[in-house]
Amino acid sequence: MASTPRSGMVRINPWILVALAVYAVAGLTGIVVLLSPTMNNRMTDTDLTSTFLHPLSPGHPLGTDSLGRDLMWRLLGGLGVSICVGVGVALISIVLGLALGVFGGFFGRTASFATGLVVDVTWAFPAILLAIVFAGWLGPGLPAVVLALALTGWASFAVIVRGEMLSLRERDFIAAARVLGVSRLKISLTHLLVSLFPVTMVVSVFFVSTSIVAESGLSFLGLGAQPPTPSLGVILAEGRDYLSQSWWPVILAGALLTGLVLLLNALADNVRDRFDPRSRRLQ
Amino acid sequence: MSPLVEVRDLTKDFRSRSGSGARNAVDHVTFQVAEGESFGIVGESGSGKTTVSRMLLGLVAPTSGSALISGIDVWNSPKAERKTLPGIVQVVFQDPYSSMNPRMTIERVLLEGIRSQTPRASRAAEAERLLELVGLPTRYAALHPHQLSGGQRQRVAIARALAMNPRVLIADEPVSALDVSMRGQVLNLLADLRTQLGLTCILISHDLGVVRQFCDRVVVMSKGQIVEEGDPDRILTSPTHEYTKTLVASIPMLPPSGPS
Amino acid sequence: MTAVSTGVVPPAGSVSTTLVIEGLEISTVHVGDTRPLVTDVTVSVGSGEIVGLVGESGSGKSLTALACLGLLPHGVRVTKGSITLDGKTVTAASEQELRSLRGPKIGMIFQDPMTSLDPCFRIGRQMVEALTAHEQVSKDVARKRAIDFLGHVGVPEPAKRFDSFPHELSGGLRQRVTIATALLLDPHVLIADEPTTALDVTTQASILQLVHRLRDELHMSVLWISHDLAVVAQLADRVAVMYAGEIVETGDTQQIFAAPKHHYTRGLLDCATHRHRGEPFGFIDGSVPEPTEWATGCRFANRCSFADSACLQHPEVTGSQQSGVRCHHPRGGGATS
């Protein structure tokens, strides 16, 4: 039997990482400016004397929107919002999904039954509906959106984790740990979470991507970011009304969004090739 | 003196959804193992022998019946008593690779059961002691499982079990996954440790020849039931139950070899 | 040899068939880096002969078997030597030629009958598919032949079983089905790679009986690969022992077991021999080396109690192909240069 060649391991495509880094820097800039009380006026100041300026106009590299607000800053801000929401929701979903998936898969029949119920109910809930409910309760805005997405998103991951658990818990080293007297909690932390790392990595990246799209969609519908907070979805919605006059808000926001999602999906694919032991070939 | 391991009417029904009948069922199995004895459970696949061991180890709950180790009921005694079981009964599994987490060092693997009781300062020394006990070089403590051969990993598994100072060691097909030329080392190690530490051994195997050489007493299982019990030599030479007769007759025999 | 009177069993004793493996070397070929996995393997199977290929993991026995059918995995290639079947060179054959050989000329049975049968299709359909891929027969004729063969290999109620799915059959029955499928095409040589290792010993015994019977009736040549010496002792006429990618001893079954010439063979026999209670188990010190760890001299030297400085030289095979040994100090005398 030949030994497993370490050199055959798939690398993460450096171009994807570079492109994502650019996005990240842009987004971070946007967040910083958005949160700074002194600087965020660049994104929100209206100037009715310079509306619908074309890109490459003096002082406004990407033009202005219908209210004269600088598009470049708004797009950066929107990007920042997308990334924040995307990463935030993904993080919450992953943590919840892991916790409940491991609990349901490993801590006995009652635990399995209980989590199964919770997962079924959650999964049946459409995120948009929940967002509307939260918007009614908390008022429309990003907190409502984040809450709604996070509370529905974790279910699909929990199911994946539960599935992994079914095979993992039968593995001999888990049984050995049980016989050695190690508590189930300790086993979860030392063995199971580590074994779940590959699938978690892949799903996380994918979750970021879907959350970004979801947030943009909800903001587009008016449920997400409220004016004057920018969001790629909001920019798209605003630009749609004036499409015949100025195409660039829609096109720019759309391109940015599409590019980001495509990149993230490509990264998810790449990460899966790198981490998923099943697709790795054994010699 | 009461037996160290006492199994009474142990039963496991697997409710099969497709209705194709109970799989790996265990049907009212009863036996005892005295302290210091070497006991064998022989059976083919589907005989229930592995399920019996899993019930003894607290991994699979029986449908009915009882399993007592050192007077403690594995499934019904109060929790405080059951918590002492890892220090009384330990196991060595069949597959030496999947029985240890490939991401852990050998030292961590060895100490997994006693980590919380071992002060950090003495962990390395304890790992070395265990490696010496099973005849492995102490430098192996820093390696990972995949760097060891199957036979060496099995010895680590034995050391890990012995770290708990058990009185009973259950070995479930301990050498079936190993190359033929390496099986003897592990089996000899088990035999030596048994005499050295006064262990009670329960050996589960499909190989009647190995069991005959290792065990004082053996039960033969088929379809969840014990069909025969007794001295391994006697069972090999004059089996009484129909199934045992078929089993013994099926064992391929080596032709007599010349002087070694 | 008489054929069984079912009327469908093909006549015995066709062209004098031999599988000849000569100086075979198989290596993994990565970018600019060739690593041998099997070296200098020479063994042949004569007409109506059962040859046992014995070895542990890493011995290269399975790769040798796969090479006979041109089924080596991706990245693994035959780099030296040849395999000829009825005079036709397999190692130089194109994929098309190989496809015509696989089945009608050379059949293979694998270890795990669950993965060698497609779980999605009924076994009858898989058998018919194998047959119609190579012969111009109607589905009805194919069906009849398949059912006949199922009965021939001892499957009870063959007509009913024809429509079963693989998971509905026990391991032993599935293995009989794979044997029947292989035999359906009347191959001249059958290669069996550990076909009974995954089976219970009682099932194994009946499969061994079956193979004996079929060999006698169909005059078929069989290359039986196993790590189990006792099984090979029951079945084979001749035995070749492999260790670390090369053949270390060949000979008549009786002679090899009565007076093995290679120390590894002696060691293996020692391990497989059952002793009395309390006696130590036989073993060979050390462990089987990976291909990257093979010594340039004798590959068994580090585990051999008879090794000396002469063993730093790689030993060649002495004796005939029918009865040879690869050792500088073979048991029973006769040192090689």
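Per-chain numbering from 1; labels A, B and C assigned in written order.
One rule holds for everything that comes next: a residue touches a chain if its C-beta (ideal position, glycine included) is under 8 Å from a C-beta of that chain, and two chains touch if they have at least 3 such contacts.
Here the structure is a predicted model, which means the values were calculated and not measured.
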{"item": "Centroid-based (C-alpha) most distant chain relative to chain A", "value": "C"}
{"item": "Dominant interface by contact count, named by its two chains", "value": "B-C"}
{"item": "CA centroid of chain A to CA centroid of chain C, Å", "value": "54"}
{"item": "Rounded Å distance, chain B centre to chain C centre (Cα mean)", "value": "33"}
{"item": "Distance from chain B to chain A - Cα centre to Cα centre, in angstrom", "value": "48"}
{"item": "Numbers and ranges of chain C residues touching at least 2 other chains", "value": "57"}
{"item": "Shared-contact residues (touching 2 or more other chains) in chain B", "value": "none"}
{"item": "Parts of chain C lying in touch with chain B, wherever the complex brings them together", "value": "56-57, 171, 200-202, 204-205, 208, 227-231, 233-234, 253-254, 257-260, 266-285, 287-288"}
{"item": "For the chain A and chain B complex, residues of the former touching the latter", "value": "171-173, 175-182, 190-191, 194-195"}
{"item": "Chain B residues touching chain C - in the complex, by the definition given at the top", "value": "44-45, 149-152, 179-185, 187-188, 191, 206, 209-210, 212-216, 232-233, 246-247, 249-258, 260"}
{"item": "Contact footprint of chain A on chain B as seen in their complex", "value": "54, 57-59, 83, 85-87, 89-91, 93-95, 98-101, 103, 112-113, 157, 160, 164"}
